Amino acid sequence: MASVEFKSVTKSFGDFKAVSEVNFNIGDGEFVCLLGPSGCGKTTSLRMMAGLETPTSGQILIGGDEVTHLHPKDRNIAMVFQDYALYPHMNLADNIAYPLKVRGEAVANRHGRAREVADVLKIGHLMDRLPSQISGGQQQRTSLARALVYPAKVYLFDEPLSNLDAKLRLEARGFLNHLQRDMGMTAVYVTHDQAEAMALATRIAVMDQGKIVQYASPIEIYRRPATTFVANFVGNPPMNLVEVDGTQAGGQLVLKGEGLAMAGLPMTDAIGNALASSSKLTLGVRPEHLSLTAAGATNSISAPLFANENMGPESLVTIDRGEGARVTARIFTDDHLHVSDQVSLSFSAEHVHLFDAMGKRIPAVGE
Amino acid sequence: MKNRMCAFALGLIGASAVAVPAFAVDLDITCRCVIGGVNSATAEWLEEQVIPAFEAANPDINVTLNQFGGEDAQLTQQLALDFSTGAGPDISAFDGFLIPAFAEGGQLKSLDDLIGEDYANWEGWDHISPGIRSIMSYDGETYGIGLGTDVRMIFVRKDLLEQAGIPADWQPTSWDDVLDAARKLKEAGVEAPLQLNAGVAMGEATTMQGYWMALLGTGEGVTDENGKFIVESQGILDVLNLYKTIYVDEGLGDQRAQLLADGRNRSFANFRDGKTAMLVEGDWFYRSVTAPGSEFEVADRGNVMSWVKMPAEEPGSAIRGQDFVSISGGTGFVINPNTDAPMEAWKLLSFMMSKEQMTAFQDYQPGIRSRSDVPIPNNPFLTETSQTLLPLTTARPNDPNYNAVSQEIQRMTEAVVSGELSPEEAMAQYKAAVTAIVGEENTVSLL
Amino acid sequence: MNLTIPAFFGRIAFSALAALIGAVFALPLLWFLFAPFNAQAQMGLAVPDPWTLSNFVTVFGNSYAVQALWNSFIQATGGVILVGAAATLAAYALSRSSVPGKGAVTYVLLLFSSVVSGSAAMVPIFLIISAAGIMDTHVAVILTFAGGLLPTAMFILRDFIDSIPKSYEESAMVAGASPVQAFFDVALPVIRPGIVVVVVWSFVNIWGSFLIPFVLLRSSDNMPASVAIYSFYSEAGTPIVTLLAAYSLIYSLPVVALYLFVSWKFGFRFFGGIKA
Amino acid sequence: MTTEPISTQPQRKVRNFALLSNRAGAAFMLPAGLLVSVFVIVPFFWVIFVSFTNRTLIGKTALNPDFVGLGNYLALFDPATFFQRGQFGFSLILTTQFVLMSALVGQALLGLLLAWLIQTVPPWIKRITETFVIAAWILPEVVIGFAWFAFLDRDAGTLNMLLTGLGLPPGDFLLQQPFWVIVVFNTWRGAAFSMMLFNSAFSSIPPSYFQAADVAGASSWQKFRDIGLPLIRGHIVTDLILITMWTFNTFTPFLLTNGGPSYRTELVSIYNYRVAFQDFQFGKGAAVGVIMMLINLAFALIYLRLGRKKAPKS
């Protein structure tokens, strides 16, 4: 197991910068998720770690050694591909044992080892089958087995669960979580599914437009998203973002917006700095921190009901503030609400997130 | 020159010079002849007679016969390529009319250049007439040895003539006689009484057996006495009108046979099946095509088939003031100008053409041989035709452009026979094409 | 299955139409069913009476014709191996390496593929082969065919390889394989269906081709069947239909057998590989 | 972890990783490159060069050809003779009609129809039909030539026997309708390619698309027009261009008609062969070859453009 470090790594394809001046390091034994929408550079970053792309500039270190221009085969890493890349002409045993074959292991040894790994992954009984003869979940585990069959410094995962249906994905996620804790492996895991990242990662690097926007533990990212982008990406449903106008009045911050009724918030230097450049702020509240309230309550937001989705234990109540600006609340009641009813949702001041005009988080008191 | 050894030299571009081991020489001989197929007799003669005898006399020379199964024109293509690069057989069968073009192209060397003294001193020259020697010559130089020559005539079906009320001893003396007979035959129910070759598909057979045989009857040739190509003349128009009468206006001949790719064989089949009563062909038609056992064998040939002389347009209007015409070609064998073993090749060539081997050839296929000391076998047909027609016959011009012009002739006849162009238009097209080939200064108009 | 009545008749009409087109395609080949087994076949269609194998006996008795089939086999096999190997390597390089100008190469190839096959190129090819001193050898024919067929073969294969995910080789390399190992262990087997198409296509081309062997070969010992078939002509130069038909049938069998074998074993079709 | 900058060497030009390094790629391309250079590219330039001379195969100009500049081209495009039967313009127009009728109409439409039909018919009919169509494509051309000769024979050919049997008048097809003979022949010979290409295109369409149309009550024709056809547009473009090029260059009809009777089936490829190998005029034949190359180049460029438009590479 080894650490991974990026030193101002840039990757351009022509004029397009897929990854731009990225710096970060992954500690030994960490499970890091690269999270972001498609095209954000997360897969390119992973492929540069694997050696499948060469950085335009910057350095990549694995275990403290520079590997920037090292051929993938010389990096001693393992990787699970999104499409599994199982060799259609080899049976499962040969597929799983292939890394051992190129390492010169004897047939008996490598098949024995492959069988051990396969048994752990509960595909041991399928060793004679071809990849086309097994299910998608089994294929996924086969590709996992092929990565696990030899001790690698770093394990790379490129959206390995995205081709599975919801139930299998949940199952595989749990298994990976268990495995990581068991093996203590260094892993880098690319995904666009925030739930997967939250569940698996010790740290998450949220990427947008070739840059790392925030690199922190899942709980930190959930509690203190660094930008509106992160706030909007993490959480299910994501954080509600309301554009507001902020003014300073009597040592307090007063926020005004359509249907918004709020008490003043305590001023900080950071707020002052933000207001100095623009009065346009963004107010963020997570759906789970909203609850139904009577009209006109303080710290509430009101608008006509747009949708009420019953999810079993909870309901998702969405109100429409016009022009597509909607606010969703997660509520553990089954009140009967009707479309176009005026609904007010309240929140407490401690759950308020503020972002400046550039979308950057304004630290709350005590952060 | 089988470059087997050169396979080892693959990649060594330019390695064309092959050392000939002193102890053994391989000679290749090619002809358009296949045992059991095309020109089977020649192939059998070479394979069974000449080669064993020669190898017995020359144990250090191995001879291989390449039987070429394609068409004449295809063999010409191969030889033209081979002789310009040093590939190809050491000795090849060769049609005399191509000698000038090959000689001009450097694709043949005169025997004088190639062999020298041995050639000049060969005993055979004393027995080959200058006329026959000239078939394989150009510009005063000899390039090969002729195997023999041939003559052309009208073959007739006596049984059909009789049906149409034409006397058994009929001999036409003008084109009109021929056309009248054809009309009578047509009335008597003969489908396509007259066959005068035309069209592109038959190649040189159109020029020789068709166009020339008619043109000579007008008193003209393809070239004038100065060797200039005649591109416009009354003679050409008369010939084209004759074709038009036969195939377009009166339907006296099988138009399809002139136009289809296998037309010549159709014309043979027509004659065999009694659909054609008069067919202009060379003596080969009698010796080989209709011979007993062949595909176009004419049943009861002795009683049914005969021949007449090709008449002039009008009596006395033919070339040299003759009443009747014939034209002769000839084939022979030539030596590859780049052969590794010219002397051995000459040894084989002169051996083939020796009196003994030529006489043996008569057993395979009787014919008019180039050597006067090889008698025409006791064959009434050959004796009669050669005696009657050789004095009347003509040869093609010895000109390197003849081959190209001949193809234009074939095109001109096809344009008329298909009804596509009038004789005047076809001649105009011919004039333009020939002028482009030989240059205006080498053409002449007689109109 | 529940079909409505119009749909049912629609099915039948479709099947009938398909069968009819199949029959129309078979018609010109019908002659091969009869003529080879007829002692006196003409160009026309006639049911043999009686059926006989004598034509085949005659054909097999002709050592030249039998040798020619063997020559065809040598030339086609040699050519196919060369085309298959060279095209696979080159198409793989065009698809997977970043050699400069590889995009242009593909389209230049497409241009060449249909241009130089014509008769105009025969003379320079003859001159090249002659200068190399390999006239009248199987090698000459094999090399020439390989050169001529390669552009199209590379074009077809490159498209095919482009459609194969790179993750196959990438996973192999991450797992420790060298580029050469990844090529032979992983890429080659995955490309195989594409190679099969190219191989069949090349074989059929070489097997049926007349012009190149005709221009480059001289001795009867080396001629392939496409040229030898012209030896079944009579003294007068007309085709001997019975032997021709019998020989044609024998000569056609290998390509049909190859096609049937390949379509049974691998499935002979375009895998969406050729696309704009 | 080191704090020193690891690489202080001057920045050298860095090669991007590729599955195959440039050096290995070059090695992989070497055999094909050599073969194509020697047997395709060298002849290509030779032909261009010779097209500016009056080189012939035999005769004086075989040995010492003269440089004639554009003479051969001017002769080919001589307006006085251009459209005459047996001249270049005539065969160019003939070839255009031939390509239109036999490739674009014949092969493409028949191939499309066949590909559509065999999607739905019972497997055994599919297999038999497919086999015959493909047989027409793969059998050696010499053999096909004989088969068609026998098929079209006026007196005893299969076709005339069939027509007579159906009470129709027999025809003398090779002589009377030679152009339509080669059109039908080429359609027959080449439909397999279009069929296979479209077949693979149709099978790449998810069946759910058609099932959705079934549910909506679409007829076969509607399914074909509204779903099948739009989804395989890319394949149609490829098919049309490839078969256009192949048909433009095809020589096989020569085996059936020798270009005749009276040039009525003399396609440019056959014209080229006649000029170069029967008239032995290499210079002129080479000029025809060069013009054919230019026409092919035009096709290739169209292909390139359409291909680019469809797949903008990021």
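As written, the chains take the letters A, B, C and D, and residue 1 is the first residue of each chain.
Just so we're on the same page, a residue touches a chain if its C-beta (ideal position, glycine included) is under 8 Å from a C-beta of that chain, and two chains touch if they have at least 3 such contacts.
Everything numeric here is computed off the predicted structure, so don't read it as measured data.
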Give me the chains shared as neighbours by chain C and chain D.
-> A, B
Approximate Å spacing (C-alpha centroids) for the pair chain B, chain D = 39
With chain centres defined as C-alpha means, what is the inter-centre distance between chain A and chain B in Å?
-> 90
When centres are defined as mean Cα positions, the distance from chain A to chain D in whole Å is 53
Chain C residues counted as touching two or more neighbouring chains | 123, 127, 170, 173
Chain A residues counted as touching two or more neighbouring chains = 51-52, 71-72
Residues within chain D bordering two or more other chains = 16, 57, 277
Got a list of which chains touch which?
-> A-C, A-D, B-C, B-D, C-D
Touching residues (chain side chain D, partner chain B) in the complex | 56-63, 75, 80-81, 84-86, 154, 172, 174-175, 257-258, 260-262, 277-281
Of all residues in chain A, those that touch chain C in their complex = 50-52, 71-73, 75-79, 81-83, 85, 87-89, 98-99, 101-103, 143, 146, 150, 156
Within their complex, chain D touches chain A through residues 1-2, 6-7, 14-17, 314
Quick one: which bits of chain B touch chain C in the complex? Just the residue numbers, please.
-> 2-4, 6-7, 9-16, 18, 28, 30, 34, 36-41, 64, 66-67, 69-71, 74, 77-78, 81-82, 85-89, 262, 264-265, 268, 288-289, 294-296
Would you pull the chain A residues touching chain D in the complex into a rising list?
-> 3, 5, 13, 16, 51-54, 56, 59, 61, 64, 66, 68-69, 71-72
